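Here it is, the structure, as structure tokens.
Naming follows writing order (A, B and C), and every chain is counted from residue 1.
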Amino acid sequence: MLSYIGRRLALGLFTVWAVSVLAFLIIQLPPGDFATTRLAELAAAGNPSAVYEAERLRAEYGLDQPIFVQYFTWIGQVIQGNLGMSFDWNRPVADVIGDRLLLSMVVSVAAIIFTWAVALPIGVYSAVRRYSVGDYTFTFLGFLGLAIPNFLLALILMYLGFAVFDANVGGLFSPEYESAPWSFAKAWDLLKHLLLPAVVLGMTGTAQLVRIMRANLLDELKKPYVITARAKGLSERRMVAKYPVRVALNPFASSIGFLFPQVVSGAIVVSIVLSLPTVGPLLLRSLQAQDMFLAGAIVLLLGVMTVIGTLISDLVLMWLDPRIRHAR
Amino acid sequence: MTSSNVAARELISPPQDETTLLSVRDLKTHFFADEGTTRAVDGVSFDMAAGKTLGVVGETGCGKSITARSLLGIISPPGRIIEGEMLLRRDSGWVDLAKLPPNGPEMREVRGGDIGLVFQEPMSSFSPVHTVGAQIIEAVRLHCEMSKQDAEKRALELLRMVGIPRAEGVLNEYSWQLSGGLRQRAMIAMALAGQPKLLIADEPTTALDVTTQAQILELIRGLQRQTDMAIMLITHDLGVIAEMADEVLVIYLGRVVEKGPVEEIFAAPRHPYTRALLNSIPSAHAVARGKLPVIAGSVPHPFNRPSGCAFHPRCRHAVEGLCDKAEPGTTAIAPRHEVTCHLYDEAVSPASAIPVPLAELRVAEPVKAEITPATVDRTDLPVLLDVRKLTKFFPIRSGFLGRVRARVRAVDEVSFDLRQGETLALVGESGSGKTTASRAILRALDPDSGEILFRKSGGETVDLAKLSRKQVRPLRSELQMIFQDPHSSLNPRMTVLDIIAEPLLVNGVGTKQERTERVAELLKLVGLRQEYMRRFPHAFSGGQRQRIGIARALALNPRLVVADEPVSALDVSVQAQILNLLLELQDRLGLTYLFVSHDLSVVKHISDRIAVMYVGQVVELGTRDEVLFTPRHPYTSTLLAAVPRPDPTARLAFSPPRGEVADPTNPPSGCYFHPRCPFATEVCRVERPVWQEITPGRRVRCHRAAELDLPGITIGQAG
Amino acid sequence: MPDNATLTASQDEERISVASQRQLIWWRFRKHKLAMVGGIIVLFFYFVALFGDFLSTSDPLASEGQRSMMPPQSVHFFDNGSFSPHVYAVRGERDPITLQRHYTVDPNQKIPVRLFASGYEYKLFGLIPTNIHLIGTEGTRAEESLFLFGTDQQGRDIYSRLIHATGTSMFIGLAGVALSIMLGVVLGGISGYYGGAVDTVIQRLIEILRSIPVIPLWMGLAAAMPREWSVTQVYLALTVILSIIGWTELGRVVRGRMMQIRGEDFVTAAELVGSRPRRIIFKHMVPLFASHIIAATTLALPLMIVAETSLSFLGLGLRPPAISWGTMLQQAQNVQAVALSPWMLLPVLPVIVVILAFNFLGDGLRDAADPYDL
């Protein structure tokens, strides 16, 4: 069991490292170092302290050093909690991101919860009532869910909301709470606004999970232990719920591993379409403005979040599956 | 009581016989699909009595398991019981199970409460995510009103009853943490939870090793004595039937062809199918290398059930115009002995016609000392293969970077020799390393150490173990292999022609025309028609595929053929066909066989010499008669005792070995067999026995080989 | 001794017996109605992609402020009872207060529509210069009079742009997948064939890549492309970016299949009769997983198409003047604009239809490909 946790942790750390390298690459990729970019910008704005500022940046990030030294300087800063300055906003990156990261998480987790809550019963139903009208309906809906990219779904819903209800269905807060401090009322308002993004984001995953659950359960229903349980005298309903569904839950739970990165990914584009106050629109703006520290930080933070989410799902899986718990 | 339950009780004319527990009459269970209807069970009738065991025999796909599941009402769609009665005597009176709603409360009481089920795959018969205890406790509480604590106590009792040591521990373990034998014991404990009056055991020992099988059969017999249960034992193994059954039901394509008391069925079988089945068991003919009588062809899919008597295309007594047209009726031969065959129908043939002289059935006659040492003395033949201290360990990797945590000692200093033209059988239970050893010899695996000295056709000797894979390649034409699984061994994308011609092609033999001619010749040799050449493997039955595999192995005129369990995936009747073929080919082509098998009855039939393996080591080597009749290693003796014999008059009290086969990753100290050996002494616990030669050509790995006098099979038993 | 169970093989059985694995797959695939429909739709899209200019009515880049945001025209097939397809001419004027353009249809001025009309000059397959188009107008330039799906803000014909976008989006998917296949097959194959340490390393790499959220990465990498790059360069770079991350699924499939096939006895048998590794790989192993690769590819294609569409939609992928479904949808980012001219959302349709079609096709192929399911 410990070896399993250790393995997952090691892999998580590895992934974080890989993401940090990629994030650094993103910061580094634009031509010229960012001090030069900044220098040009400041000089164009007629700022006399430009040269001084550029020199300070060069020294702080060791820009005249070899690239791997630069990487270690940068990652050293990041570990100490210094994510750098956003040139576009002219404020520390941490300030700019603010509670947007938290909101990103909230949206992603809401999507996952929606996915689970919907996919589990439908998957079980489709497997148990295979080839019924309901099964065919859900299968067809599932295909649609897979086929509609979530940002297009968001776009269509935005349009419908606007054309039919003449209301803006985007955003996470009503206007009166947008800049209000956190309170119970604001959290409640957030919850009300969460449904739409959760549905939009969870659609693809739900379709995938229904298919996974259906296929798993169909496999499990053929297993001898189902016959054993029936032969014991269990009623069909109790038997299905207690044995095959329980066993089919394991691969279902492990699907978070791929679902979570997918939802976090999707949340970026969907947030932009639905103008949610998450890191999505911020990332897009920073990339358009070549505000590389901000962009790099967001990519890194999203990566770390995903790794944490995946780790949690691994632990859940371990709790669910005794075969993993007892593995040497 | 619901109205359907009333229906289940009405219109019943219960059997008058006091002892009858279950009476099945004309049961038909069919499967409905778009392509048509499969009549899996098509008119089966039988009675069962308390305290008695009914053996149900038949080859794959004959409807044995479907019959059992019909009794429990757990046929899954598209299958349905369409006709028949299944009368069960419950405490509350007679009930027709066929009329009970399959998911109603009364049927659920019957399941587990009146009828318990144990079946083949103990691994997957338990849920992998619930503890064994939880599953047994659930079964207990379903049928007896009980508190959780009481149910747990009862579960413990059950586990102890089936002979599970440290039952408290097992209660909290998962099925995959148990060994195969323990798992099957736990399964039986669960089946007994509701104190059923009838236990259905569907191939309960097929997945187990022969020594474990002996333990489980012994257990089932003991339980029956204790509880007076009726047992329905479904199996394809006639040895198990002879050992266990009181009455026998022979099923062919969903119909009972013969039923009767076990002694009569084995001594005087009437139906041609029963006779043929009994005849094709190798051990019924202990005459080594004798040709086995066979049944032609194989069991067709029930979907393509032949008209008239379903057995007629394979029956050598079939009467044209009768057997292929009319369905035979049932004739009573003796009070409890019935046969369904035209040959016994008085309207068709003269009264009580027995068209075949029973003399050709050895089992029907008192056994005479026919087990002559039929083996030719081959000690003067040159040694073809000399294996010395061959070793192969498999690492077990785990963790993030896959470090080696343990090693499976698959082949552990194995030595033996093989003379030209003889058959050496490598015998052992699962995990004994016999397959690994055979593959290492052919260099399908790279051995860790040891020598494999092979005498090439030119007369010089090479050490195969020292050669690189590339250097082995030119020698491939002399060494070939026949595989166990006829499905995995043929590439589904190639035609039979391409498959058999491949050895010729890659070794640059002949032109395309010549190769095609050679393939035709090989097909004829293995008994297949050459028109089959353009077909793909999926068009063939298991036995036919095995013939194709043999043809491929023979394409290059090899001198040594390794046959890895070549018949264990096949039905008994087909098994006999393939064994005959192998023997015939050996005589014709002068082949040398290394025959790997777990099945002693097959080995008895085909081998000249036998090497017995246990946990990666060869523990005994000698001629066939030496090993079978005067074994010198306690393990060999145990193994021989554990094989059920197809003769109900020769039932022996089992002396099943204790415990389980040792774990090859962590074998016991000293002699690997000592924890299970009844003769073990202190030295066996400490010191590893050496591979000693006790008489010329006879070797044993046992400290006490010289002093022990062990039983082998005796002449009386061999029948 | 001969098996006579199959002696009485009927003609049908005979046909199945000599059927190759490929024929069996085809027979099984044909039973899959949805997959067949999916296949036909996919073929249709590639047909449109190949004959883009021929199927267009107007030059997709011809813009004209005077006719921006024109609604779709309806085609009338009969004129006074006789078959004579035509559209009505449209006049536009600007609302002096809201500054929006309003279009009125003039039913008196009929513009005949006919097949194989001449229009703008183009080169068929980039080789044969011609000006024949499937549909066109007579007597007037199509650019000025025929707007089957309306126009966008710059007054460009949405129908023609959609046709051209189909080409771009379908082929960028193909290019990306081709690259993914190469990476997936090579790395997955190495991983599966050799096993051991190489396998461990490649497996960890796949696991890491799969646990990274891809869109932010794609966005970051795509945004780092220099602004001065040409459309072609951006196009190539984009396929590389998409496939660097997209190969993992294929790699996994190939590895799993490779390992499974390696364990089959017939591979050992081939080795034991003296076949060389190359023959074993290409004669015995590749044909067995080729069908699986085709199925996996079919399922990977729509993912590529979505990826391109979303990046271009965000303005980080292809950039104007390149035309793809994504760049066309970029104009639909503004909800107000969409509310006024909903035809801007039209590119959503082909995206959904083609993804659906690929999924049906891929599913059918995957189900049909399993050779042991007999």
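Here is the rule we go by: a contact is a pair of C-beta atoms (placed from the backbone, for glycine too) under 8 Å apart; a residue touches a chain by one contact, two chains touch by 3 or more.
On a predicted model such as this, the values are computed, not experimentally measured, just so you know.
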item: Most central chain, judged by mean C-alpha position against the global CA mean; value: B
item: Pair of chains joined by more contacts [C-beta pairs], A-B or A-C; value: A-C
item: Interchain centroid distance [CA atoms averaged], subunit A/subunit B, Å; value: 53
item: Separation of subunit A from subunit C, taking each centre as the mean of its C-alpha atoms, in whole Å; value: 27
item: Numbers and ranges of subunit A residues touching at least 2 other chains; value: 11
item: Residues of subunit B engaged with two or more neighbouring chains; value: 400
item: Residue numbers of subunit C (touch at least two other chains); value: 204
item: Residues of subunit C defined as touching subunit B within the complex; value: 1-6, 13, 16-21, 24, 197, 200, 204, 264-266, 268-276, 279, 284, 287-288, 371-372, 374
item: Subunit A partner contacts - residues on subunit C that touch it in the complex; value: 204, 207-208, 210-217, 219-221, 223-224, 226, 302, 306, 309-310, 313-316, 329, 332-333, 335-336, 338-339, 342, 345, 348, 351-352, 355-356, 359-360
item: List of subunit B residues in touch with subunit C within their complex; value: 294, 296-298, 300, 313-314, 400-402, 439, 442, 444, 473-474, 476-477, 479-481, 483-485, 487-493, 495, 502-503, 506-507, 527-529, 534-536, 538-541, 543-544, 549, 552, 555-556, 577, 580-581
item: Of subunit A, residues touching subunit B in the complex; value: 3, 6-7, 10-11, 223-225, 227-236, 242-243, 246-247, 250, 320-323, 326, 328
item: Footprint of subunit A on subunit B - complex, ascending; value: 69, 72, 74, 103, 108-113, 115-117, 119-121, 124-131, 138-139, 142-143, 174, 176-177, 187, 190-191, 193-194, 398-400, 405
